[in-house]
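In the two assemblies presented below, chain A is common to both, partnered first by chain B and then by chain C.
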Partner chain A sequence: MKALTIARREVSSYFDLPIAYVVLPAFLILSGLYVFVLQPFFLVGRATLRPFFEFAPFIFTLFVPAITMRLFAEERRSGNLEVLLTWPVGDLALVIGKFLGAFALLALALALTLPFPLAVGAIGDLDWGPVIGGYLGLMLLGGAYLAIGLLVSALTHNQIIAFIGGFAVCFTLYVAGKALPLVPPALAPWLEAISFDRRFAGIARGVVDLRDVAFFVSAIAVGLGLCAEVLTARRWR
Partner chain B sequence: MIRVVELSRRYGPVVALDRISFTVEPGEVLGFLGPNGAGKTTTMKILTGVLAPGGGEARIDGRAADGRDGEFRGRLGYLPESAPAYPEMRVGDYLRFVARARGIRRRDVAPAVARAVERVGLGPMLRREIRALSKGYRQRVGLAQSLVHDPPILILDEPTSGLDPNQVLGIRALIRELGRTKTVIFSSHVMAEVQAVATRVIILHRGRIVADGAPAELGDGGRRSLIRAGGLPPAALAERLGGLPEVAGARVVDGGVELEAAADGDAARAAAARAVVEGGGELLELRPLAADLEAIFQRLTSGAP
Partner chain C sequence: MGPRRHRIQTALAIGLLLLGGVLINALAARHPLRVDLTADGRHTLAPITRELLAEAEGPIEIRAFLPSRIQPPYRRAARALRDTLAELDAAGDVRLRIHDPTDPGLGPDERAAMDEEAAGHGVEAVPVQLAEGDALVQRQVRFGVALLYRERQAVVAPIERPADAEYALTRALRAVVRDETRRPVIGVAAGHGEPDLVDSPVAALLEPLGEVQRVTLDGRPLPARIDLLLIVGPRQPFGERDRYVIDQHLMRGRALVALLDYRPPSTVFSDVLVPLETGLEPLLSAYGVEVDPSRTALDRTRALPAPIGRDANGRVITVNHPLFPRIRDLDPDHPVTRGLSSLAAPLAAPIAVERARGLGLDAHILARTGPDAATRTGVATLDPAKYAAPDAEAETPGAVPIAAAVAGQPPSAFRERPRPAPPEARGAPEPPFTDRGRGEARLAVITSGTRMLAAGENALVFLQNAVEWALTDGALTGLRARAAEDPPLEDTAAATRRLMRYGLTAGPTLLLLLFGGLRRWRRRR
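Up next is the complex of A and B:
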């Protein structure tokens, strides 16, 4: 319940600050440019949203750290974290609250892209399986990125460092799958196992494998758990 | 009751607190006095559970100060230095948020916020954004945050720092008022403030307690005075006063002569007044000098009486 109180405040802060009014249009414009200009599906001649689902995991590596960077770094910089730590809100509840607030913004960003499939579906014969899978995959992938961004944000009091750090980790996990042909064969299975891109691609094909879902859910749980540990460990700093 | 036993804390190689012990009874208003780096903030952070103790223990009503203990957190209100909050929020929204996060039931939120707002005098500011408030009002927002759940214990870190003189008086009056129903611990590096507000003072210096007692006991009893006289050159005046049995020393300072009483400050001042008049001078000014923190530290840490 307290996590929801925290989450609600985070959402209104996104609009008061006003981060949401910058980040949401930027995400929509960049995605739109990619889908309609760089990969003009009119020319491809097929009703598909694949370009969007190929581009979104990349743009998320920038978009997600931008919405998580301030969540703890700013609380640390302002000293407000010490106020929060004296309220009867558990460290994990605080982390989950911040995560849910950021996740709501991410979900809103994705909801605002729904005109893409609706428009494409109106023009051509769209296969809705990969679209639904793609959106589910983006929620899971975005959630995992959020957990990472949140963890990095808890490690610093500088928002820029939180952003660059979050981007570096998310981007590395994003390209890990693409680096498969370049690494020694012995490493390949390990790399494939942690590749966000591979897991996501499976779900985005419309094949929802529970192992892939469990992978992202576990990544979220580990990220949030570590983040709560970071807060707890600050007491012994 | 707050009981602190042999509490220690280091930050890496730096010793911030060195085995301090004290207890605070309900209803006391305790002032922590000391220069920056003396250990005031560290002690408060440990009491509020923001920092873990390095050694020893801190207990509040028998419960170990542990930031992970929700019940423990509910009994305390804490205002850190600089009173951080969310600048983009409106005062009312912020306090309602604090109340909800504090676990106050939805229907009790409005009365709890109204009571806190009334206590700290924030009524006209409820709809303002926190970033648009003056430092004094921001401090009040921080105070309202610390008492929205009506805790029995308040811990306030330098609640008057950075405020203008009127705001300082307002906050002091508020602390005294709160002290009637709550145990209050606050820190300051202004001697006069602690004397005006606290019922008890602990002076910290380099992580140790160098004095613990009622504010009046910690002054020097007005043993130093400043005297200014007409018709007598300062050097002659100092020499004359220095010879009095009630006076331990007299020296020329900016604006007159400073007296150090041999024992009682009032006796020394009475003798000095007589001596000026009998010496043919005119007494223009004679007043006890307030003991400043520096002087008290020098006295306490040099081992002199």
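Up next is the complex of A and C:
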């Protein structure tokens, strides 16, 4: 319950500040531009949203740290974190509350892209399986990025550093799969195992594999757990 | 609690967290569950593919060289291969490495090393246009997949149709897992006025299925290495000795695929059709496959465009011609026609297989015209005006079967007939006569030949499927017909496309800003 209260407060703060009106439009406009203007969507002439699901993981590496950068870093800079930590709320509940708030914003961003499949479905026999898979995959991938972004934000008091750090980690995990042919064969399975892009690609094709879902869920759990531990450690400094 | 104790507690908590993460993943790996959400199960591997993966004892190394910046027709095929490889990777003990030879991030040394590795595996190069700086340049890049298992290797050559992806990979998988190193031999019949397919693009399509060789039917026994005899559009009838040779080929448990023309055009007058009997009819009849060359299928409701002549400027004139029916009634369960949506069958003759079933053979009608069709006698001209109105005397209404497939051990057509003597002192000695099949013979016949191949409309896929089915156990044949592509968009007006482009780019943002404005207004009030 306490986590939900914090989540509600976070969602409200996104819309009180310009952040939702800057980050969400940037995501929406870039996605629309990429899929329908920069890509030869009508020339290829296929009823598919693959270009969107290929582009979204990359743009998430920028979009998600932009949401999470202020969550703890700003609280630390302004001294609010110390006040927050005195509340009768556990560290984990605080972290989960912040995560849920950010996740709600992410879900809203994705919901605002629903006109994409609806429009494509109106002019072609769109297979909704990969679309459902793609959105599910983006929620999981975005959730994992959020957990990483939160952790990085909890480690610093500077929003810019939180953004750059979050982007660096998310981008590294995103490109890990693309570097597979360039690494020694012994390293390849490890790199493949942690590659967000590889895990997401399967789901976005409409194939939901329990291993991929478990990977993202555990990434979220570990990220949030570590974040809570970072906050707990602050109490003892 | 002191700081030291707290540090230990934190370390323990982090350790437990990481352990929990590893455990969740390990549990999921032990109980794999994979759900294909696509409407047609496009990403679900076929049973034969899974069977082959399960048969492998040890890892299968896969080196894929799939360029991403590649032009049609390879672009979509490369993506389909990538998708299917991901499924193989998830389903079996596969060590997959996918290289992109067109990756702009590759340095010259890395590119050279990749090229050398691909060449070492026997992966072919295809021409690609790449944007380098401000110019488009032509490059040869490697495109293919090498499968390595134990000491064996098989290479998937560049494919053009996305639907061929699983077929091609499964075929290569079977070659390495089951050690099917011997390539079957497809003998293309020559000597009776057939078109030369061996030097045509058709042969290139058949090459992945087996080695394509020209076989002259001149009375000598067919070489034992020939697994399948392919007869396409003979213009001179086969004689008794030819029939005997083909009969004995089938008695050895081999295969015959025949695409026969019964109304070829006259070489002198373009719209005159010459009635023809190929001489194979008595042989087919002995196996219970009856072709009536005197009748021609005609369909006024499902007619395809056909070339009927040239205008004063030399341009080809086409009309929807009743003698060029579009066949939509294709056996969905047979490997030859499974997944095919339509087939053009110009000037086809009716075929029947009831007697073959009576002989205990597994006989199927593969394709038949629509119910509004008819057969017509005395078809001697291509002039469409002659067929515009029904002719009650010459036409028999009803659906017309035009293709059949028969498998089993048929009796020899020469069991109760005198056997023709071999040509004198030529070639290999005559093998002893066999009066009953010594293995399962396979026979696929369609009564529309060269015109069908020229008409397109899945004709080449039909031919490939027929050859594949006749050569193998047919388990792979159906794979080729599986959908591997997203459905096409409907034709839309330029204004609609513009509206979609800019509406979808700016629309959601406007919606969000509207929401923000409303929220602000409500708060102020």
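Everything below uses one rule, namely that the second predicted complex is superposed on the first by the 237 of 237 C-alpha atoms of A that agree within 3 Å, B and C clash if a C-alpha of one lies under 4 Å from a C-alpha of the other, contacts with A are read in each partner's own complex, and residues count from 1 in each chain.
Please note the rule applied: contacts are C-beta pairs under 8 Å (C-beta built on N, C-alpha and C of every residue); 3 or more make two chains touch, one makes a residue touch a chain.
From a predicted model like this one, the values you see are computed outputs, not experimental measurements.
When both complexes are superposed on chain A, chain B and chain C sit side by side without a clash.
With both structures placed on the common chain, the touch criterion links A:89 to chain B but leaves chain C unconnected. Looking at the shared chain after the overlay, A:209 reaches chain C, while chain B stays out of its contact range. Comparing chain B with chain C, more residues of chain A are touched by C. In the superposition on chain A, A:5 makes contact with chain B only, not with chain C.
Legend: residue contacts after superposition of the two complexes on their common chain; A:29 is shown touching chain C, with no touch to chain B. Touch criterion met: A:232 reaches chain B and chain C at once. By the touch criterion defined above, A:130 lies against chain C but remains apart from chain B after alignment on the C-alpha atoms of chain A. Annotation: superposed on chain A, chain B and chain C show a minimal Cα-Cα gap of 6 Å.
Comparing the two complexes, residues 232, 236 of chain A contact chain B in one case and chain C in the other.
By the touch criterion given at the top, residues 1, 3, 6, 10, 13-14, 17-18, 20-22, 24-25, 27-29, 31-40, 42-43, 83, 86-87, 90, 95, 97-100, 110, 114, 485-490, 492, 496-497, 500-509, 511-513, 516, 519 of chain C touch chain A in their complex. Across the interface of their complex, chain A is touched by residues 11, 45, 48-52, 67-68, 70-71, 73-74, 76-78, 80-82, 84-86, 88-89, 93, 97-98, 100-103, 142, 145 of chain B. The touching residues of chain A, when paired with chain C in their complex, are 15, 20-21, 24-25, 28-29, 32-33, 35-37, 42, 45-48, 50, 112-113, 115-116, 119-120, 123-130, 132-133, 180-182, 185, 188-189, 201-202, 205-211, 213-215, 217-219, 221-222, 225-226, 229, 232-233, 236. For chain A in complex with chain B, the touching residues are 2, 5-6, 9, 12-13, 16-17, 78-80, 82-83, 85-91, 232, 235-237.
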